[in-house]
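To keep things simple, chains are lettered A, B, C and D as they appear, and every chain counts its residues starting from 1.
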Amino acid sequence: MKQGNMLAMILAGGRGSRLHELTDKVAKPAVSYGGKYRIVDFPLSNCANSGINIVGVLTQYESVLLNSYVAAGSRWGLDSDDAGVFVLTPREKADSGLDVYRGTADAISQNIDFIDQYNPEYLLILSGDHIYKMNYDKMLQAHIEQGANATIAVRPVPIKEASRFGIMNTNEDGDIVEFEEKPAHPKSNLASMGIYIFTWKDLRKLLISDMKDPDSDHDFGKNIIPTMLAENKKLIAYRFEGYWKDVGTIDSLWEANMDLLDEKDELDLSDPTWRIYSEDASSLPAYIGPDAVLDRVYLTQGTQVEGTAKNSVLSTLSQVKAGAKVIDTVLMPNAKVEEGATVTRAIVASGVKIGKGAVVGSADSENIILVSKNVKGVE
Amino acid sequence: MKQGNMLAMILAGGRGSRLHELTDKVAKPAVSYGGKYRIVDFPLSNCANSGINIVGVLTQYESVLLNSYVAAGSRWGLDSDDAGVFVLTPREKADSGLDVYRGTADAISQNIDFIDQYNPEYLLILSGDHIYKMNYDKMLQAHIEQGANATIAVRPVPIKEASRFGIMNTNEDGDIVEFEEKPAHPKSNLASMGIYIFTWKDLRKLLISDMKDPDSDHDFGKNIIPTMLAENKKLIAYRFEGYWKDVGTIDSLWEANMDLLDEKDELDLSDPTWRIYSEDASSLPAYIGPDAVLDRVYLTQGTQVEGTAKNSVLSTLSQVKAGAKVIDTVLMPNAKVEEGATVTRAIVASGVKIGKGAVVGSADSENIILVSKNVKGVE
Amino acid sequence: MAAKAFGIVTSTPRRVNVYGLQDYRPAGAFTFIGKFRVIDFPISNFSNSGIKNIQVYLNKHPKALTDHLGTGRSYNLNSKRDRLQLFYCNHHMENEVYNTDVSDYLDNLHHLEDLPQEYVIIAPCYMVYKQDFSTLLDDHILSGADITMLYHRVNNARDHFLNCRVMGVDQDQMVTSLEINRGNRQNQCVFMDTYILKKSLFIDLVQRTAKYSSTYSLSQMLSVLIKREEYEIRGVQHKGFFASVDDLQSYYESNLSLLDPKNARDLFQDGWWIYTRTTDSNPSRIYDTATVKNSMIANGCQVEGTVENSVVGRAVHIGKGAVVRNCVILDHARIGDGVTLDSQIVDKYAQIIRTKEIIGTPGQPGYVHRADRL
Amino acid sequence: MAAKAFGIVTSTPRRVNVYGLQDYRPAGAFTFIGKFRVIDFPISNFSNSGIKNIQVYLNKHPKALTDHLGTGRSYNLNSKRDRLQLFYCNHHMENEVYNTDVSDYLDNLHHLEDLPQEYVIIAPCYMVYKQDFSTLLDDHILSGADITMLYHRVNNARDHFLNCRVMGVDQDQMVTSLEINRGNRQNQCVFMDTYILKKSLFIDLVQRTAKYSSTYSLSQMLSVLIKREEYEIRGVQHKGFFASVDDLQSYYESNLSLLDPKNARDLFQDGWWIYTRTTDSNPSRIYDTATVKNSMIANGCQVEGTVENSVVGRAVHIGKGAVVRNCVILDHARIGDGVTLDSQIVDKYAQIIRTKEIIGTPGQPGYVHRADRL
């Protein structure tokens, strides 16, 4: 097998409305995570580390920041002459007008010409809002070895939670025999991760007929996979065991950040064999002042701490001023907590300032507070 | 003045329907020219050579090839960490749906957020379908020195043809006092080249009010420039004297190619101080066989000539087989003229094959023939 | 605007001698405040000043800088028109005295002659400061002087800057002398090895120096010419943070001096970015057992112990109960549980596990060799 | 799939001696058929074979190759995981005999040891051929041999390949001997300086060679070891186009041999791209006064005269009435009006204006020096 025969498409279309104001000005995959990363760094770095050269990022919502961000493919080493990251938005064609992506499958269908340009044997479909490290090349090996038409990555979930997921029922060979979306009585605990490898020529045919089907939702889970099962195609489940987190809500985004404070650190971003690439700020290293107090903190370059930070993630160029307290909180890039302010159980959005002496959030709130606008000081 | 305070936007939206089938699968700026170039190489190389780092390419039509092409900013040296070429298509925003660009000005208005990201002092507006070499930095110097709100590049045209152009009437200081689109009785021979420099904060305000104006065509020539004149803003004309060609039709595209055969060669693509950058094929140099006849030919690497080529431009990987004749013709990349075929006064589109012994075009045709489909051989 | 000058970053001169560190890499490649290399500062000065055609001269150990600088992309210097170019000079092993900047330039004279720019700005690879070369150049042209030399006023020259040259400057800002700092006065104008002149004069001087003595550097030649009053040479005073990294003590002090927020603010200003190559390190984790005060911590670290008044480089591990005070710790070092360090420079990949205490003084910091295990 | 091997492109060995050309650049940097450099071929072989971690060893004149190779982007070798790395070796001026590949490897041994790949594939910088290293590696692993050596059968070894080594290969494809070609037979198996072995064995051999003799290359050591039958060493025959650029005659002949479409088709195949750094040259213009037959013309040329059986590099100007036959013309050369050249190699930037005729023979081509004016 020669390298470069699998092309990846990242579905980044969603407005991510459960992330509220965080996605007002940036598409969900461009949302910050873990101090210096953006969510889309994960699938992109996984691609780069898996030896995939061409990655399409499908979006139609607020693509400017995402566009500028991913177009610099050099961040992930995806900028050699035959490699590239391309933002693909809906467009007019010789035979059709400008139209939104009608579903996950339609987003791919509308870009068949893009894919054909590179003539790949296999197509990898990814979601833009999951935090995990995965070697897609190993998944491709399984796909090839077992002669599958489609391979779906699955992970075991506690059986009692299984009814919240798309569940794959497999036979003893690992072949998928049934797919149930949020089954009331799940027969298996293998949840789909929304990661698919298709043999491109098989999928291409299906997409073309799906495009014409007026009753289709043009969705992989609802239409394409059931059609393949109905046609007795070989679909296999590929089990993934490592750290995986959907960061589609404020609470889950906060949790995923907090996981980085854990000494066990299942995600392990320091692994030199599987780096997650991102952009780097031209800033000083993290500066910790003479009177600062740090206790379980994940912090990155450009951070300035002169007050107290506890159980918190401090992102690029965020500041905790003298006398301020940041507890169980994520400060996104450029967030500033002014003198004497206290922030507890919150995500403070990029560039937001918490004024002097202000108090935001509380230790016993049920949900995490998203602070997306400046908070006035108390003087 | 620091470098990087002017950002460029290339209006590449047009489907270029006067170029017929050449733009069926590629946007007009991606059409081939001069053996190894694409039209968009000219504004992009001019930008790179003028020290402009950030270039937006505005398109909504068939952007896939254009996207893959320009996204590799390295071709023009526009890939350092603070530089980039970005394809900007219409997109959904927090407060608006997906909508086509309603005019040249609207295309800029819809991307105000993109421009603001870089906080430029000046904005350069370019068209994607002109062949010329121009130092936009000199034009900016004129704009700054004269304290203009807008500077419009103009070139002198023969006065009897002036009624075909947008004409700028200036006072003795070079200030524009009137703009007439295709005037029946032109008062001046200075035609607008569709190249504008605006002081960004001035333009920004105008664009925002123009967006809301239901009667506006959202066009620079029809709306923005007249509004500025009406408001007594300082608009100046910047005279350009060098080679310039609009390649919007098959005939003019052919002519622009033929100009390269001229020994006078006003365009001078070999000028080491102002290179036009493009992509390079991983091919052999041009190969000329033992029985080939070449007479006034412009040819590039990967070309193979075993027959006769006269007054012609032969593009990357094009072939003229033994006994074939190519006269007064442009072979686009990968075009093949098989044994014994004859092509006269034509543009043969990319990848098109003229079969053995076929005869295409004639020496006395009024217009240039566009051959966009394979021509069967005569056997 | 097309720049009127190109830039030169010189190779490490003979008199720069940083104990230990320099055995492994040239001075320009030294890690600075945890995440930069010293050479990032002159190159960022050029890039921020719009001077995008830059020659970097490499002498010993070229690989360290070649890997770091690459094509100059991190510094926005890889456009097709202008670029960062690396020049390899023959390192004369037969006798160190032959290794001068003049010999570097002579090796590559045709590359210098080919450049279209009228002026050249020369900056050293081993000094850290911020300077807008574009305004300096404009001033130079306006002044009509043949050469503009940059200097910094210091008040501790008796025991600092002893590897530097000091200048005499008269009230008209003309340079009256240039000589090695012999430590005989506290107040001195230290020559920052940074100067501007026409390319034609530069090439003249290079050739003239070579004829004068095969072992003379351009600075040495300038000393002679200043005495002879042959040229109009102007001194311009630099203000703001300035450090010369020319021996172990100055390396140590200049790193720690940036813990002072005033110095840090002076060197790092919005819009005047200091560029460097990314290493894609993850953020650092500070454990509940840690205490960190008045320190800089680069990315990729795990801090379980105490860090005070120190600069900690990338991917350093500081174990439980370890105490690191007044130290400069370089990348990938490992300070074991319960180890106490004071006033130490710990080179890359060193592991201090079994030796439980190493104490120096800020006036005489200790040095732990690269990859040593203690 | 993650590659099991990394690649090494060796520095120019002592015995390669290309008159004139080599005074200005190492063999890998020679222009080949007008638009490539010789080193593009081994590097493209690696890249096309999915072997993306490549070490290139540089000895004399490193700048020519550093500028050309850059970060490896042109070869698709600049990903964050794998990359093209350049290694600078000390060129021993005190005595040429010390300049061996073994000394190069010893200078950079820790870089070799750090690589995660199990196998190493070594290819020379001065030979031109197409080879899928990925299948060669698979075969090597399947065979169970310790070393696989690549050879090419030639039938003109009496007066060609005299700077190469020739191999004995028995019917089981085992290598029985390796020695300098003494020109005593036409039919020979020429060793292509290309071999595969485990990294651990490679490092063993490097260290063993250094102990055996400070002047021995790895090939010389292999000769010894083959005699001793210590290892199982397999020979694999290479088919297709093959050229060794090791003297002026072979440089000349190998360039012109690619005018044969059979050879060109063999070396340049769809999907097996030969990568090189772009120079952004414009296309070439052939004037109405020109006659061009059986030739290759690179970009940027202006041809007003006659060109036959020749290879013409970039931006060459061939004047009116000039006749260029059986020549290899390098970049930016200028052949004046009415000048006749036959069987010449004209180096870069040379201008032949006043000398109106220079005639050699294909068996003994002439050479015109770089930037000379004749």
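Rule of thumb we're sticking to: a residue touches a chain if its C-beta (ideal position, glycine included) is under 8 Å from a C-beta of that chain, and two chains touch if they have at least 3 such contacts.
This one's a predicted model, so the numbers in the text were calculated from it and none came from an experiment.
Two chain pairs, B-C and A-C, are weighed by contacting C-beta pairs, with A-C ahead.
Using CA-based centroids throughout, the chain positioned farthest away from chain C is B. Inter-chain spacing, taken between the CA centroids of chain B and chain C, is 46 Å.
Centroid to centroid, with C-alpha atoms defining each point, chain C and chain D lie 40 Å apart. Annotation for chain B: residues touching 2 or more other chains are 74, 79, 81, 275, 277. Among the residues of chain D, those in touch with two or more other chains are 73, 80, 275, 280. On chain D, the positions that touch chain B within their shared complex are 33-35, 73, 258-259, 261, 264, 268, 273-276, 278, 280-288, 290-300, 311-312, 315. Across the complex, chain B meets chain C through its residues 1-3, 48-49, 51, 53, 76-83, 137, 141, 273, 275, 277.
In the complex of the two chains, the chain C residues touching chain D come out as 62-63, 66-67, 70-71, 80, 85-88, 93, 280.
Chain contact summary for the complex, chain B toward chain A: residues 15, 24-25, 59-65, 67-68, 71-74, 79, 81, 84-94, 98, 100, 111, 113-114, 117. The part of chain D that touches chain A in the complex is made up of residues 1-2, 50, 52, 72-81, 134, 275.
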